Amino acid sequence: MSTTATAVRRTGARKAGRRATRGTSGIGTTGWVAIVLLGLVVCGALLAPLLSPQGPNAVDLSGAYQGSSGAHLLGTDASGRDLLSRLFHGSRTALIGPFLVVAVSTLLGTVLALAAVWFGGWFDQLVVRVVDAVFAFPGLLLAILATALFGSGLPAAVVALSVAYVPYIARIVRSAALRERNLPYIAALQVQGVHGLRIALGHILPNVGGLIVANATLAFGFALMDLAGLSFIGLGVQPPTSDWGAMVGTGMAGVLQQHPQEALFASALIVITVGAVNMLGDRLTERWEARS
Amino acid sequence: MSDAIMSAPVPSGQAQAKVKRRPGGAMARFVAVRVAGLVATLFIASLVVFGALYAAPGSPLTYLTHGRTMSPEAVAEIKAEYHLDDSIWQQYLRWLGDVVHGDFGTSIIYNQPVSTLVGGRASVTTLLVLMAAAIVLVLGLAIGTMAGLRPGWFSRSAMAAATGVMAVPTFVGAVVLIVVFAVQLEWFPVFGAGGSGLDAVYHMVLPSLALALASVAFVARLAQTAVRAELSADHVQTAISRGLPRRTVVRRHVMRNAAMPVLTVAGLTVAGLIAGSVVVEQVFQLGGLGQFLVSSVQQKDFPVVQAICLVYVAAFIVLNTLIDIAYTLLDPRVSIGKKDS
Amino acid sequence: MNALLQVEDLTVKLPVAGELRTVLRDVSFSLDRGSTLGLVGESGSGKSMTVRTVARLLPDGADVRGGVRFDGADVFDLRADALRSYRAKDVAMIFQDARAYTNPVRTIGDFLTEAMRVNDRMPKAAARKRAQELLAEVGIGDPERRLRQYPHELSGGLLQRVMIAAAVAARPRLILADEPTTALDVTTQAEVMAILRRMQREYGMAMLFITHDLELAGAVCDETIVLYAGQVMERQASVRLHEDPLHPYTAALVRARPEIDRRVDRLPAISGHPTTAYEAPDGCAFAPRCSFAQDDCLAGVPPLLRIGPGQTRCVQMPDLRGQLMPQSQPQPQPQPQSQPQSQPQSQPYVGSATNEEAQR
């Protein structure tokens, strides 16, 4: 039967390789690169006073828009302030805001979602409706409204964004928790007489934990961009406090005079940080999806 | 921008219960329910926007007098004009009634009707958002579809670039565009909205690109994922096994099926552009609603802030509702009536 | 060389996690016009891959060695147009999960008429008329209404009938049926099977029929091939598989099935786990689980031996034959009942095509 010589053929190229060698439990090389980048940024923020060669607000009007030099590694801004020092200090305001937003909205969103899933019925419907209503407000708009009322600055913006981000977390956690709650093992626990709170916190929460962490990570990136944008248009962090978003705003004057350093350095740090956060968030999401 | 990207609940047919028949009555009822929901949300939005004034520290009078000390007569006049001695509910209902009739009150700073001030600036913002939306839909869908249909170096680099671009906030994109195309190359103007017609469009190129950038990346990623998922779907194997030409398979099965979820989320992304336009207008000094909003916030011109916030929220909600209705009516798998699984 | 389909030394490797993994090893068989060949095996044995290779429906990056000849022409030498015409006119596939394999946003009418309109350039009205006839042929009532419905509005059984109607629409010469009834419940299974058989007879089509059910293979197929770890373990007339298996694996499969007329306290399960071609040991792939295995079983891949009326890949077979089914009546000489009444077990599957749930 097999008299013909063995023919060798390939359908398509060998391109399909190289994919998905990443383990299901790890976050891959990109995940670790992201973590290292974020670690560096956080260290820079924590150690800002030690790392900064000058004070962030040390004005030297005669030394505006200097280039890179021994005294000013990254040069100076319009007021002759040392850019490197301002970037170090600016990372503190740039990071603390999103951190608070994510912490508050994740906590609130998770509690709301778990309670909604656990109690179900009218309470669940109420949560869904409220969450939908809050969702109708774009976060940035709510933050602008808040700064109009409570005055420009980080606190008002952080409070407003925390509220605006709750629906995002709450929706995702609710649907995941709902799926989890309908699994047979939950019924088994109930039959055994395990207390509801214990099931919610001891079983459902840990099982959707990965998803919460992944989405909180992604939310951090969005919050950072929103808050930096707010500072950029002058409603967030107020001068002379340094902040990445505000530095891009004040750097606009330099851009038009062929001195784009301040705006570009601050922009680069924002992009790198958000990029790393998104990368990590994507990997965490993939890991969670692979798990379930 | 970020809201639409974050929120984008990718609609999936399977997630929803299946219904055998869809008589016209159920459809009409569904649309009615959605429109009622829209009105309810708008009502809540108006409550928030109006109530904000009272939630703020200090009395409304301080905002209205703008912190200046005024003669008792002037104060009385303001109180009378804004009915500050009425109860909050009376004031709200009066305000709401006026708003429904297109009267948003009088600007404290400009001493002109808010509706005139806002109306005159709306066209700039509309043009900005429309152009950005066109860029998002055309560029995002084209890149994503191409990347989805041809795995390989193009797909990989496009998706890597998209992931990178998504980390670029609108204002950073705007600054980079200004540095490169306005300051260095001098192809486009740095500031201003220009005159009318083509000049306005020309002035809007960089702003709309800046506004669209992150959303283009997001939509491209989304479309790529959807097309790829659909390409490897089992029913596409059936189509191939029947000897249909590839372009027929791609058009009738891959694209058609990927279109619905992608267009829905792309639509939500476009709705999200409304909020992002505030920042872009500020960068490019376009003099539209967004820039007016920011300056009014800084000057505590409350009637204006209220009006613009309400306009934005209304546009956002109306768009979202329209997309939701369109999606539900167009996808035969989605059941009508049961939305929350 | 007169066979309709000839598969020669087919070895297929698929890219998994960045490396090529063998899924089929040296598979050879031929299929005559109008006849039915069964492919039986556990999941992962390579049955589906075999029919997919025949239709050239392999994922990108697959490495194929050996040949698939349809009516003398090498399927893997077909250029784009010829390949499309081969798929459009010569072979048709019926998939296991009709729901997953029909486009959820297209109507049944679209599904049925699409190939006619695109491949045969049939006018719309004619195609719809033909589609209605086809639905009637597979026993679906009210075709007018069915054509307007979406797949999710039909039951699994009805949808599988639609699938069959679509497959036979172009009057192909070969039907590739990949477990067409596995996803259905038992009564529906019988009806769908009966329709498939009837259509096959009426249209005079050959069929490559995949199943994991030895009994069903016996009822439907003229001959059956038993696959294990991507290799042909045994091939012979379906009716003989039960009484006279030619491979210890087949025998184990037969014994692992409960019989309706015999009460057993314990079913003899096959020890160990099924292996894939990729993980198979050097010698006989089944040796690690085989109770008859000897040392020489692991000395190189056993060749496909001719034995009696069939073929086997078991080197012990000349000694073992007849001893594999200890509890059934001993058959030192299986010749006497060589041609029993055709398809003795086929009773549950024959039965006319009733209207099942056609009234839904």
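As written, the chain order gives the labels A, B and C, with residue 1 at the start of each chain.
As a convention for this text, contacts are C-beta pairs under 8 Å (C-beta built on N, C-alpha and C of every residue); 3 or more make two chains touch, one makes a residue touch a chain.
These numbers were taken from a predicted model, which means no experiment stands behind them.
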Most heavily contacting chain pair (counted by C-beta pairs in contact): A-B
Farthest chain (mean CA position) relative to chain A: C
Whole-Å gap between the CA centroids of chain B and chain C: 54
Distance between chain centroids, defined by C-alpha means - chain A, chain B (Å): 21
For chain B, residues that touch 2 or more chains besides their own: 151
Residues of chain A engaged with two or more neighbouring chains: 15
Residue numbers of chain C (touch at least two other chains): 60
Chain B-touching residues of chain C, taken from the complex the two chains share: 55, 57, 60, 83-89, 91-93, 95, 97, 100-106, 114-115, 118-119, 150, 152-153, 166, 170
Chain A residues within the chain B interface of the complex: 15, 128, 132-133, 135-141, 144-145, 147-150, 152, 164-165, 167-168, 171, 175, 178, 218-219, 221-222, 225-226, 228-229, 232-235, 245, 248-249, 251-252, 255-256, 258, 260, 263-264, 267, 270-272, 274-275, 277-279, 282
List of chain B residues in touch with chain A within their complex: 2-3, 5-7, 9, 41, 44-45, 48-49, 52-53, 55-57, 151-152, 163-164, 166-172, 175-176, 178-179, 183, 190, 272, 274-276, 278-279, 282-283, 293-294, 296-298, 300, 302, 305, 309, 312-313, 316-317, 320, 340-341
Interfacial residue positions of chain B with respect to chain C in the complex: 13, 18, 20, 151, 233-235, 237-245, 248, 252-253, 256-257, 260, 331-333
